[in-house]
Amino acid sequence: MRSLLLIFLGAIAILFAGLGKKEIRMLPWAIALLLGALVFIPMDWIANEQPDWVNHIVPYFMMVFDRSALAFMAVIIIAAMLVLGLFGQREITGSDQLGLILFSLCGALILCSFTHMVMLFLGIEALSIPLFVLAGSRKKDLRSNEAAIKYFLMGAFSTAIFLMGCAFVYGGTGTLDLSVMQRVIPGSAAMGGMTGLAKTGVVLLMTGLCFKIAAVPFHFWSPDVYEGSPNRTTLFMATVVKIASFSAFFRLFNFAFSSPLAHGNWSFVLAILAAATILVGNIGALAQRNLKRTMAYSSIAHAGYMLLAILANPLESFWALIVYSLAYAGSSAVVFYILNKVQEKKGNTEFESFNGFGRANRWLGILLILALFSMAGIPVTAGFAGKFLLFSAAFTGFKWLVIVALLGSAISIAYYFRVFRHAFLTEADGDIIKPEWQDSVFLAIAATVLLLIGIWPALITGLQLFELH
Amino acid sequence: MPELSKIPWPFLILSFISILCALYVVTSNSPIRSVLALILTFFSISAHYVMLNAQFLAIVNLIVYAGAIMVLFLFVLMLLNLNKETEPLKSNKWLIGAAVSAGLLLLVFTASIQTSSEHIMRHPEAGTGLVKSLGKVLFTDYLVPFELSGILFLAAMVGAVMLGKRDAANESDTEITGREEV
Amino acid sequence: MELSLLFEKSVLILILTAITLGIATYLTYGERKVAAFLQDRLGPNRAGIYGIFQPLADAGKMFFKEELIPRNAEKWLFIMGPGLAMVTACITSAVIPWGTDLVLFGRNISLQVADVDIGILYIMGIVSVGVYGIMIGGWASNNKYSLYGAIRASSQMISYELSMGLALIAIIMMSGSLSLREIVDQQSGWHGMKWNILFQPLGFILFFTCALAETNRAPFDLPECETELIGGYHTEYSSMKLGFYLFAEYINMFVSSAVMSIVYLGGYNFPFMDAAWFSTHPNWLGAISVAVMFAKVSFFIFLFMWIRWTLPRFRYDQLMHLGWKSLIPLALINMLLTGLGMLLWGK
Amino acid sequence: MKPDSIFHTVEISHYIYLSCVLFCIGLFGVLFRRNAIVLLMCIELMLNAVNLLFTAFSSYMGDSSGQLFVFFVMVVAAAEAAVGLAILVMMFRNTRTTDVSFLSNLKG
Amino acid sequence: MSTSAGYIPILLQILVAVGFVVLALFLSSKLGPSRKTVQKDENFECGIESQGNARYPISVKYFLTAILFVLFDVEVIFFYPYAVNFKDMGMEGFIAVVTFVAIFLAGFIYVWRKGAFEWDK
């Protein structure tokens, strides 16, 4: 709660501080703000005495900041800090963009903590509306315009579908409150599980959310939008938005629709979607010649892996999802930073532009390897820990799906290796990139996260989350 | 599907108008006419709200959709002169694809309705849709979403101004045409 | 709703529509007479005594004029524009109470077409839809002046709608109801003198200014300022369609005067209406209350005309600045002060 | 002429059918049309179908939360439309068209 | 009267208005003469031949006004349910609304300072 308020008030302050001034450095303030918000989280964590959120909802609040919410909030704030820290120096021209990012972040934090469909809906919108604008923030750039319009149309369309799902669930259960829904949704045994309305509603909700996380077959917009948007916005979409959407997905499906009867109704559909997402994402990434598009497809594939967490037993998969999200955010931030720097020098993000990169920049090269390893899920990196936890959590229920996911990971090594080959095994001379000291700090943070969790995942999984049920 | 003869005629007429107008919205070649048909659709939906005794929503629907959003649409269409631009319709393949997928969805819906919805009993209480009772709930239970939507508007304003306002730094940058306005 | 009530309402609606149209017709006459009075002229004086039949002759002429539809215009939209303007003008009066109940044939007859829960929001809704008539007509004409007039009119109307809504909120905070009947009845205290204008002087001024702008009356008549835009959005119109645009303007003026009388001047309340004699003679009360209501409306209409023939026209930038930079903040302040005042000195 | 009784004979399923039909018409439009403004209109149509469904459920169940949800949907749709049209106008200034198929600069 | 039936008179009035308008338009089109000539059907442009298309794109200021109108209008709508319940809610409700007004004002001032209301430049 306090972090959310702080970020919101800070966003307004930054908006107004930047008014009427041409050049003003608001970025340090924004990062300080996020740090402040991050500090509140352990405090809340310690103070949090609620063993079971369902019975302890603050009346009329429609949000609850239990430990599962706090964990996601921490990941999201860290991801946002990486985005701002690594992309702040050149791209942010006005305080309005910074303000929009922070507003969007508010939406993301709400998606971690809602207990009511209204909050879920408003959170999604608060997350998306600033992003529609940010995607088109390079006003004169056609690609940016097109990304904005596509993202907007897809966002509005998916919202419509999502809302139809809400309406059906409302009709089927008579409530919009998640805690009540959890009690009502199984329906009576005589009726054979959920009512038809609720079933359709859940599937529609799933569809709407799958648009947001770009799961197959609702992924087609994402490569275009990712490619066209400014790099910072792309990274924000790929990390913060995706993690927040997963948090919402997890919360909605594993709390409200989690009863065994209901679970059987939607889990199979979702499992098929997950398998398709993994395969399409990885195979699509193989076919690309451009690193930014490859990253877009790989982010689709990552969404596929993360869907496993929603299918699996939430008690086991929760920390897996957190670890995976952290790993994904850290490695994406590193790759996008390098990609952005190369794009500044070379003007594009084709693979050829990366030729000789690793030879020219030793430290960045090592970082790139680390990030790629983490994305591919090679041991001693956080990505490996995340994947291992995810797959083992899902293995009891969905063996075939885990096999598909392993297959996907194997495919993914091929295209990650291609980046590696261009960066290290080609003869060309790469450009030397000198990161500024602020960048180095954040790169170091990202690297630390990747390595530390890779070596010692119990650092996170050992945290005591109170009983989810 | 329910038998048509059993449905009361006011509902039937209104639904007929809604569906007809909605069809015109998606099939008309002239966007301006689409807008007008959409406004009519909104009116008929407002009438449905009145029939459901959701009076406040009925008028909010008129003020927000018909009175504000559609004015904005009409502004954009008229002032960008998009009407004359004949939109090349997609090929028949698209038409069939779109029709089939929409039809399939409708079938799924129909199936899901038929198995349930009897359990929703009609509640005789008439007061839920009045301004007073809605306002009470809005300012107690829904206080947080209420404030949150304020944030949302703030973000939308910042965004709209950012996209719509010409940059002070670059004067020649943004006027839509060479010609100036009134 | 039983049939007799329906019949009663139908009669009321027909009478109301007839009165509205008659008043709109005679407002053209009134306007010319007022202008003449202010400019020390005679005004129309040929048709009938004091020119009293002038508006009838004008209206008749409208019917027999040739109907022109420019070749490049969108025909249906061109016809729809004035029609929409007229329809929206005519239906606004549905929620306005014109007087206290009458007792005829042993029945209580309410002089209000419909007393609905959303009352004043209905008027706001119809006003906000009223933009379309002008926009569509101006655009369909395919004439530059019409388009400019239409754009100006719609921008102006939507801008002033905001402060209008905000000014009303202070009133609703006092009344606790959106129903116009309720709002009137609550002003009947102090022997029928507890009018809202005493508590809401600022709100009244705001509302009045917005009403001027909403009806495109001078000094806010930029959409049709002759010197720049010929006839504004109705440059291309002739015959009855032109007549509809003009009529719609006058009807809007009439209705907004009625709304202002109701919201700020106590509607049909008049001093000492609570006298004991009236309670036994409800029909006298009703008749006087209707007369009082129309007197107040006439006062406002005269005010409208007076202003038109006295004040010079605003520039467009001044108009928008006034709407956005002055009226909206003032209306917000008015609303907050009203709330605070009522909370502190509990009303 | 008893409108109250007429209202009471409308079953909830009629409203569900109606709003599903409207929703599917909107969906069809989104898939079929390619003028961005018309697409946006079709999306608004879908949202209205949803609103109608919510209201019907809410007023049949006598539960006001559905109607409040509709209220929020409406206001948020307004914000969304405002931002969307700002994006459209910006795009029009650069490309002179709102035809979405023009957006093939980015391969699908 | 707070049921749907209360709206039937409004419907009637709408029908009467529409009927009158249609009838009058129809009558006037039948009663008036119709002598079309090429020049009469031209668009009026102060007597000279009309130049170019009348519907060309126009300043972005008008869009911005309309967009801001939509946003503010919806915020104003929020005040109505509050105003109706104002007396019952007392200080708590007032504080809630003042918070909302503060956010409203933040947006308003921001937009103002950004120059969205400047029409004379």
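In this document, chain identifiers A, B, C, D and E correspond to the written order of the chains, with residue numbering beginning at 1 in each.
What we mean here is this: a contact is a pair of C-beta atoms (placed from the backbone, for glycine too) under 8 Å apart; a residue touches a chain by one contact, two chains touch by 3 or more.
Just so it is clear, the model here is predicted, and its values are computed rather than measured.
**Q** Please identify each chain that touches chain A as well as chain E.
**A** Both-contact set = B, D.
**Q** Going by the touch criterion stated earlier, list every chain that contacts chain C and also contacts chain D.
**A** Chains in contact with chain C as well as chain D: B, E.
**Q** Of the pairs B-D and A-B, which shows more C-beta pairs in contact?
**A** Higher C-beta contact count between the two pairs: B-D.
**Q** Farthest chain from chain A, comparing Cα centres?
**A** In terms of C-alpha centroids, the chain at the greatest distance from chain A is C.
**Q** Report the inter-chain centroid distance for chain B and chain E in whole angstrom, where each centroid is the mean of the CA atoms.
**A** Roughly 17 Å, centre to centre.
**Q** With chain centres defined as C-alpha means, what is the inter-centre distance between chain B and chain C in Å?
**A** Comparing mean C-alpha positions, chain C is 29 Å from chain B.
**Q** Residues of chain D that touch two or more other chains: which are they?
**A** 3-4, 7, 16, 23, 26, 40, 57-58, 61, 63, 65, 68, 72, 74-76, 78-83, 85-90, 92-93
**Q** Which positions in chain B touch two or more other chains at once?
**A** 51-53, 55-56, 60, 63-64, 67-69, 71-72, 75-76, 78-80, 109, 113, 117, 120, 130-132, 134, 138, 141-143, 145, 149, 151-156, 158-161, 163-164, 174, 176, 182 - these are the residues of chain B that touch more than one other chain.
**Q** Give me the residue numbers in chain C that touch at least two other chains, ranges are fine.
**A** Touching at least two other chains: 1, 6, 116-117, 121-122, 128, 139, 147, 151, 158, 177-178, 316.
**Q** Spell out the part of chain D that touches chain E in their complex, as residue ranges.
**A** Per the stated touch rule, the residues are 3-4, 7, 74-75, 78-79, 81-82, 85-86, 89, 92-93.
**Q** So in the complex, the part of chain E that touches chain D is made up of which residues?
**A** 3-5, 8, 57, 60, 63, 67, 70-71, 73-74, 77-78
**Q** For the complex, give me every residue of chain A touching chain B.
**A** Checking each residue of chain A against chain B gives 8, 12, 15, 22, 60-63, 94, 96-97, 99-100, 103-104, 106, 110, 116, 118-119, 122, 125-126, 129-130, 132-133, 136-137, 139-140, 168, 171-172, 174, 195-200.
**Q** With touch defined as at the start, can you tell me which chain B residues reach chain D in the complex?
**A** Where chain B meets chain D, its residues are 1-2, 7-11, 15, 18-19, 22-23, 25-26, 31, 34-35, 38, 41-42, 45, 48-49, 51-54, 56-57, 60-61, 64-65, 68-69, 72-73, 76-77, 80, 82, 85, 87-90, 94-95, 97-99, 101-103, 105-106, 109-110, 113, 117, 120-125, 128-129, 133-134, 137-138, 141-142, 145, 149, 152-153, 155-156, 159-160, 163-164, 174, 176.
**Q** Please output the residues of chain D touching chain B within their complex, sorted ascending.
**A** Listed in rising order, the residues are 3, 6-18, 20-29, 31-35, 37-38, 40-42, 44-45, 48, 51-52, 55-65, 67-68, 70-72, 74-83, 85-90, 92-93, 97-99, 101.
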